[in-house]
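Written below as structure tokens is the structure these notes are about.
Every chain is named by a letter (A, B, C and D) in the order it is written, and numbering of its residues begins at 1.
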Amino acid sequence: MSKLSRAQLVKRARGIKLVIMDIDGVLTGGLIYHLVDQAGRLVEFKGVHAQDSIALSWLAQEGIRTGVISGRNSEGMAERLKLLKVSFIHQGRLDKKTVFDGILIEAGVSASEVLYMGDDLPDIPVLKAAGIAVTVPSGRAEVKAAAHWITRAQAGAGAVREVVELLLGAQGKWRAVLARFEAGPAD
Amino acid sequence: MSKLSRAQLVKRARGIKLVIMDIDGVLTGGLIYHLVDQAGRLVEFKGVHAQDSIALSWLAQEGIRTGVISGRNSEGMAERLKLLKVSFIHQGRLDKKTVFDGILIEAGVSASEVLYMGDDLPDIPVLKAAGIAVTVPSGRAEVKAAAHWITRAQAGAGAVREVVELLLGAQGKWRAVLARFEAGPAD
Amino acid sequence: MSKLSRAQLVKRARGIKLVIMDIDGVLTGGLIYHLVDQAGRLVEFKGVHAQDSIALSWLAQEGIRTGVISGRNSEGMAERLKLLKVSFIHQGRLDKKTVFDGILIEAGVSASEVLYMGDDLPDIPVLKAAGIAVTVPSGRAEVKAAAHWITRAQAGAGAVREVVELLLGAQGKWRAVLARFEAGPAD
Amino acid sequence: MSKLSRAQLVKRARGIKLVIMDIDGVLTGGLIYHLVDQAGRLVEFKGVHAQDSIALSWLAQEGIRTGVISGRNSEGMAERLKLLKVSFIHQGRLDKKTVFDGILIEAGVSASEVLYMGDDLPDIPVLKAAGIAVTVPSGRAEVKAAAHWITRAQAGAGAVREVVELLLGAQGKWRAVLARFEAGPAD
């Protein structure tokens, strides 16, 4: 798959209606922690950067729906994503393309209207189908080969934010986000 | 907003009576962890550096009050901040300017007597109002544009300490802090 | 112990039937967290990278069994490793060579058919016995001296993945792993 | 306080009978995590590197006692340190010199026979009293000025290990530690 120029990327970004991403190694840096609680439950947790998570909520507010497809299961992550108004939350699924196809039907969008972010082999079938395929600097070599674009920011440290700003910028919506926060007194 | 020279910064620092800051991405490096406990509660936690947290308690001891305004909710963080004698603790609030204005009234200080630290868009209205507006190296571009000063130390790794030392130094109080700890035998 | 050339390493890798590793500082970056829960239990947890853990499951799927020998005890880690189809899980054991010898008998393989990864002194007796002895960039000097190969990727950030890709590549099985994930539509 | 040459350091290290250290920013990288459990307890936890913690147990085995003096309280850390055979565990104490003096009496050693590691202002009175005063690369400037030696390895990532190897090496005990682990078959 050939890479897109910045201009081509921005052009495609105008038509994106849905952003779906892998969690581990994309929205997080990749580290997963496990503990067993007193009831014997295996509890999974991981860290998400505040600058990335707030950006997910901005996509939703500006009418671009969001979703995650993760091979892992974290109840804490699911609860947190609901608060960030993520519409499609699928965890514990490695057959990501099947899940992806189901989301397209439910959302009523075509694959070309979706931006997908992933970092590892299970993401490749979805990256090949998505209108814009994005990976991160720590994405595996085979994933980079399948992606249109590699973020400058690291996974779990601004990669998702970078994608959100690109999309909202391309669609002329970034100014509206800024306006909500810049109503302070003139300097 | 134009940046301040070091001399101008120190001059303004002399009049600061209150330090308010964002938590995520300022007092922490930005990562937020979530887990769901046995009772089904969503528990949020994050890491604060010991060199930053002890410095918050020194501000309070030297008569400079402290506060936090965070968009997120962490019960563990709130309990910890109380132990560090933080006077104003507001979590779960994205309308930071409203909270800020309320704190000014409660504290009986003017905005020009407040130093505020933030890293993301919700901090901008407060940064524009504060006497000294500080951000961190990982602050977003729009936030850096609104700040008087960018710390050298990273968020969650000394940025708050750097601000505390600047303030206590400018107000001639750093020597008193050191004196408490340097009463060892002569070398 | 003399280092192996890449060609020698690949040749030996063809005969590996079992991969055993230390956990802390190999599968993790080395950091261990402890908390005491309400029942007074000491709970230990640590972070594993998603790109490493998924690779462990691929080894099992391709018929190369896996095992861990750790000086530490983490119930959460044990539960997670079972899900990744790790066959031999021994925690809380510093006499690693004794455990290693027991695993060889149980698995019915010779030491020359085992690849072992370790980073610290307790790993040395096992590294000296294993067919391929691997360490990480943060392995102690004495461990590096005893190893055939030092990974390029850091512990807890791809070191295990690098070993898995080497083994599966040498045994002609990497293509099968990729094929499972690359069945997307032609570009 | 003037720095010591390597030769002077090794000479002093021969007489060290007790190693005492701060926890946060020395044995850990400095980050402290807090959560509130279902019973409303504030639970504090932090990460220690496996290569550092195992080295603490080697000191004890070789007859050099160990202790910690920390301004913070972590039940999980205390339980873990007991397993590492740390003799003197004092948490929640900022008056470190008082605690230090008490440990000297209890241990029956003089201050000149103690190596102390610290990174922040509360450590300075103890550093000034100790036979060998050590800090880490992230130690505050005032602490570096009071220390005889700054480790090359970072806090929470080998700094304690570096000190342990120096001491055991100077006292001719490192070979005994290695011997326990190098009894593998000849190469």
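Rule of thumb we're sticking to: a contact is a pair of C-beta atoms (placed from the backbone, for glycine too) under 8 Å apart; a residue touches a chain by one contact, two chains touch by 3 or more.
Since we're looking at a predicted model, the values are computed, not measured.
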Most distant chain from chain D, judged by the mean position of its C-alpha atoms: A
Type of chain A:chain B copy interface by residue overlap (half), same or different: different
Between chain B and chain C, centroid-to-centroid distance (C-alpha), Å: 43
Chain centre separation in whole Å, for chain D relative to chain B (CA means): 30
Where chain D touches two or more other chains at once, by residue number: 33, 37-38, 43-44, 46
Touch-based graph of the chains, sorted into line, ring, star, complete or other: ring
Every chain pair meeting the contact rule: A-B, A-C, B-D, C-D
Chain D-facing residues of chain C, complex: 1, 24-25, 30-38, 42-43, 46, 71-72, 97, 119-122, 124-129, 138, 140, 142, 146
Contacting residues of chain A [partner chain B, same complex]: 33, 37-39, 41, 43-51, 53-54, 74-77, 79-80, 156-158, 177-178, 180-185, 187
